[in-house]
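What follows is a pair of complexes built around chain A, which joins chain B in one and chain C in the other.
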Partner chain A sequence: MSIILQIKDLKKYFPITKGVILKKTLGYVKAVDGVSFSIERGETFGLVGESGSGKSTIGRLIVGLLQPTSGSIFFDKVDLTKINKKEFQNIRRRMSMIFQDPFTSLDPRKNVMQIIAEPLIIHTDMERKKREEIVYQLLERVGLRQEDAFKYPHQFSGGQRQRIAIARALTLSPDLIIADEAVSALDVSVQAKIINILMSLQKDLNLTYLFIAHDLSVVCHISHKVGVMYLGKLVEVGSKSAIFQDPLHPYTQALLEAVPVPDPNIMVAKGLMVLKGEIPSPINPPSGCRFHPRCPYATKRCTEEEPTLIDNGENHLAACHYTDEIKSKRKIIKQPLKDSA
Partner chain B sequence: MRPLKDLKKLLFGESSELSIIIEHLKSDKPALFGLAVIILLVLMAVFADFISPYDPNLQDLSRRLEPPSWEHPFGRDEFGRDILSRIIYGSRISLTVGVVVITISLLIGTALGALSGYIGGWIDLVIMRVADIFLAFPGLLLAIGLTAVLGQSIFNVMAALAIVNWPGYARVIRSQILYIKGLDYVEAARIMGASNARILASHVLPNSFAPIIVLATIGMGWAILAEAGLSFLGLGVQPPTPSWGSIIATGRDFIFRAPHITTIPGIVLALSILAFNLFGDGLRDALDPRLRI
Partner chain C sequence: MTLDLEYSEKGMQHNHLLEIVDLKTYFFTKRGAVKAVDGISFTIDAGDVFGLVGESGCGKSVTALSILRLVPDPPGKIVSGQVIFEGEDLLQKSEEEMRSIRGAKISMIFQDPLTSLDPIVRVGEQIVEAIRTHTNMNPQKAWEKAVKILTEVGIPDAEIRAKQYPFQLSGGMRQRVMIAIALVTEPRLLIADEPTTNLDVTIQAQILTLLKEIKAKTQTSILFITHNLGIVAWLCNKLAVMYAGKIVEYGATKSVFSNPLHPYTTLLLKAVPRLDIKKEMLESIEGDVPDLVNPPSGCRFHPRCPYAKKICSIIQPPMIEVEEGHYASCLIYDKEKWRSV
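Let's look at the complex of A and B:
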């Protein structure tokens, strides 16, 4: 397998400015602060984290909606941060994005045909008949009917709209699709259907997904690899089974324990680890390990020295000084998460 | 209706946007009424020479302020002129002023508002402060000043009214665009690689136009009345050339002795503004896919 997307030490700082004419920078929001990971062709990389952890920012940096402060993004060995607009336009054809809210991601004044065919109009000079042919095929692929092509978004339900958005993302047969909370706004039963569509499309078209979500059970179901983000940093990366059954970072453990379980007795038996407080401000992140103010295992070392991602075998990386101690101290009840679909 | 349908198909294609709009308007009774009145007014203005029963400027001082009669259905004014004829001829000035002022204001307002909202930054700051300056003056007073500077003619009146009127449109368009340009479908278009021009023309502007149509139909009435005000002060059309506004304005002096001079053109004015409003509402609904049945 070859690596299709590689991110190296990516940083995005949003300046906080005051005044319009004499812009004064008061500080920076460090939304993404030195993140590195890579995705192999045909696999799904799940990126999880609380709101404000910077996971969506990474998605927007990859598609070029935002310019990174520093670091590089290699797409198929091409550094996206170093190419000009014209070259980027060619790369754009090969990636697309699915948004969270299907009620705002489709132009209400365009019919389905116009919505799905737009990438073709922008990137090719294909004639109308040919375009329509492609749109009909895409509609069938995502489980809609050809008759739906001339309807407008408001005539569809949330799940159907998300299918339209998926069809639009597929129009140019991209290699990489970034799904930014693509199922979070949908009903649970609809979520399952959409995820199944995404998974079967991946199998048929050899797609690569960057699946950004906060719902762990969804991520668990769809991902091959998972990255956990906290306050602009990646705290743990590993294969799905490693992350979900043998989490090393205390934050990942806390996240997993926050997943509701059908039987409350199990939760009590597990000796719930509930996180204290809120995610701190990314303007002035805590010193040392960013998680230390909320971490039950934090020591003085954690407040001073920032941990780096260390490989714990089998490409299971965690950024914590005490992974070994935590591993031996806490016996995580190995209870594989139930697939949601 | 068969040949008409074929023609439509020939011109716009089977399911083109325009034919959908026409189809929708057909079922909208108030909008059709509005359109009918507008067409009637336009015909009246164009064929004024043929349909007006009397010379609008023919005076008969012995029969001044005469109330409506079979001979003069709308009565006579303070110089004994036939009001019906004056209203028919006056529609030329009034409709032209209304349509031209609104069109110019819309063009300037949309262009500057779109630039301001879409690009933002310095350009936004400059355009909006200029708009604020215009909005800070009482509109009619500024128009009087401008006409005084530009010189007295109906074209200058229209120019002055448009200059006074555009900031409102610019502000509404700007606020709409500020909201819409942050929506996901605009970002989706950007990710696809759509150019700024394409995003603005095909996604942002079409979605920001609904309140502007309503504003424009209301503005139509304002422009017709404002022209009357300027003409009354001797800055617009000169007597004896009739306009609806000037008939109403001069009739004010006789409002108790001869109320028909003000009320009848007033009703005609109200009716035509209503017609523009109804048609504008219908157009707005027809343009919005969410409201189509």
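Let's look at the complex of A and C:
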């Protein structure tokens, strides 16, 4: 397998300004603050995190909807931050994006044919007949009928619209698809169908997904590798089984324990783990480890020294000073320990 | 006081705190009557946490609004049925009588606390308003009580927070304020309509834990409306599953999850991606939620049901008690009719 996308020390700071003419910068929202990871061809990389963790910003930086403050993005060994506009457009067609809300991401005044064929018009000089043929094929692929090509978005249900969005994302046979909360707005029964479509498309077309979502169960189901974000930082990366069966970072552990599972027997035994406090502001993130104010294991060291991602074997990285200690403690005592500082 | 006594006496005779009998709420639109809630019955006893589950558009929120008689009229109208609360039919009450019940005996919390709190009134004042609407406590005492209840729902520095406006609080905090307003009058029934859907998982876990603590401490019963089966499994002791305006299954949480009877419930449980179970493919339900202006004849689920026979499109299945206290509305359990065709 080869690496298709590699992100190195990516940063995106949004300035907070005051005044209209004499703009003064008061500070920065550090939405993404030094994130590195790589995705291999044909796999699904799940990026999870709560709101404001910076996961969507990463998606937008990759496709060029935002410009990074620093760092680099290598797509097929080309650094996207160092090339000119024309070169970028050539590469850009090899990636596409699916958004959360199929009600706002499709142009209401275009019919399905126009929506799906638009990328072909922009990036190729294909004839109309050929374009239409491709659109019909794509519609079939995502489980819609040919007759649907001349309907408008409002004539479809949410699930069907998301199929249209997927078809549009596939138009230029991309290598990488960035799905930003692509199934979050859908009902469970419809969501299952869309997830199945995404997974079978991946098998058939050897697609690579960057799957951005807040729903851990969905990410667990669809991903091969998972990255967990907290407040602009990647706190843990690893294979799906490593993250979900053997989480090392206390935040990942807390996140997993906070998800209610649809089985009353398990829930009675396990309960919900409750993490204290809330997500701090990314304008003035906590010193040291950003998770320390909420962490049940935090010590004085955590407030001063920022942990880096450390490999714990088999490409399972976690940014915590105490992974080993927590691992042993967690097995003996189920209840998290109080602050020992 | 005499009024209160009457209530409790009648409540004792009936035993149920809330009994909904064949409730029908329709919305009259240009396209025809949307049968949002179409003949549902269930009961909530004192001390119950009752889960009402279903996908969007199944009528679960309209049920809640019908109980409080808050259905926007026009276009909505409660066409028939009874909502018997503490022995009295709320549908027969005058608007003035209803106002003394809403917020006092039955309170409600909504999904989005930012739009359901008044943006230009300090949160403490909003709690005071709830107290003083239903009692003649003096303002000073009411304020003290407001601060006290804010502390009880887990807001740190309640005295300072009470003087703040909703925009100064985070989403989780706002939902706590909503809960405080709902509970300050010590209602018999709390209706919670998707109260954690907009919140992050760790915050959701905090709010759910708070509701469970309230349940343990007070006499309040809870009607919990959600699409999340995991939450129901953890929080509720009884549940009803709604589909297209009807209740399809009804019973104790443990029996519904361990032995789902209705095909819709079975499929729904299989469609949920889970953290604790590995699934190759998710079970999805074919088709879409039906149009409630012209719902399918017979069983409303039959066009999507893998077991459907011809008879399912003719006969509307009644609620059948399959196990003790566990009902399903599916003809599979009516052996005579099922075999006859």
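Basically, the second predicted complex is superposed on the first by the 321 of 341 C-alpha atoms of A that agree within 3 Å, B and C clash if a C-alpha of one lies under 4 Å from a C-alpha of the other, contacts with A are read in each partner's own complex, and residues count from 1 in each chain.
As a convention for this text, a residue touches a chain if its C-beta (ideal position, glycine included) is under 8 Å from a C-beta of that chain, and two chains touch if they have at least 3 such contacts.
None of the values given here were measured: they were computed from a predicted structure.
Residue by residue along chain A, chain B and chain C are tallied for touches, and C comes out ahead. Once chain A of one complex is fitted onto chain A of the other, the partner contacts of A:S105 are limited to chain B, with no touch recorded for chain C. In the superposition on chain A, contact is made by A:R92 with chain B only, not with chain C. In the superposition on chain A, A:T25 makes contact with neither chain B nor chain C.
By the touch criterion defined above, A:E118 lies against chain B but remains apart from chain C after alignment on the C-alpha atoms of chain A.
By the touch criterion defined above, A:G64 reaches chain B but does not reach chain C. Using the contact criterion defined above for the overlaid structures, shared-chain residue A:V261 touches chain C, although it does not reach chain B. When the two complexes are overlaid on their common chain A, residue A:F244 makes contact with chain C while staying clear of chain B. Of the two partner chains, chain C is the only one touched by A:V218; chain B is not. Contacts of A:E278 after superposition on the shared chain: chain C is touched, whereas chain B is not. Interface residues of chain C facing chain A in the complex, by the touch rule stated above, are 55-56, 170, 172-173, 200-206, 208-209, 227-235, 253-254, 257-258, 267-269, 271-276, 279, 281-285, 288-289.
By the touch criterion given at the top, residues 20-21, 63-65, 89, 92-93, 96-97, 99-101, 104-111, 118-119, 122-123, 150, 152, 154, 165, 168 of chain A touch chain B in their complex. Those residues of chain A whose C-beta lies close enough to touch chain C in the complex are 50-51, 157, 159-160, 187-193, 195-196, 199, 214-218, 220-222, 244, 254-267, 271-275, 278-279.
Residue ranges on chain B touching chain A, taken from their complex, read 15, 121, 125, 183-185, 187-194, 198, 203, 206-207, 287-290, 292.
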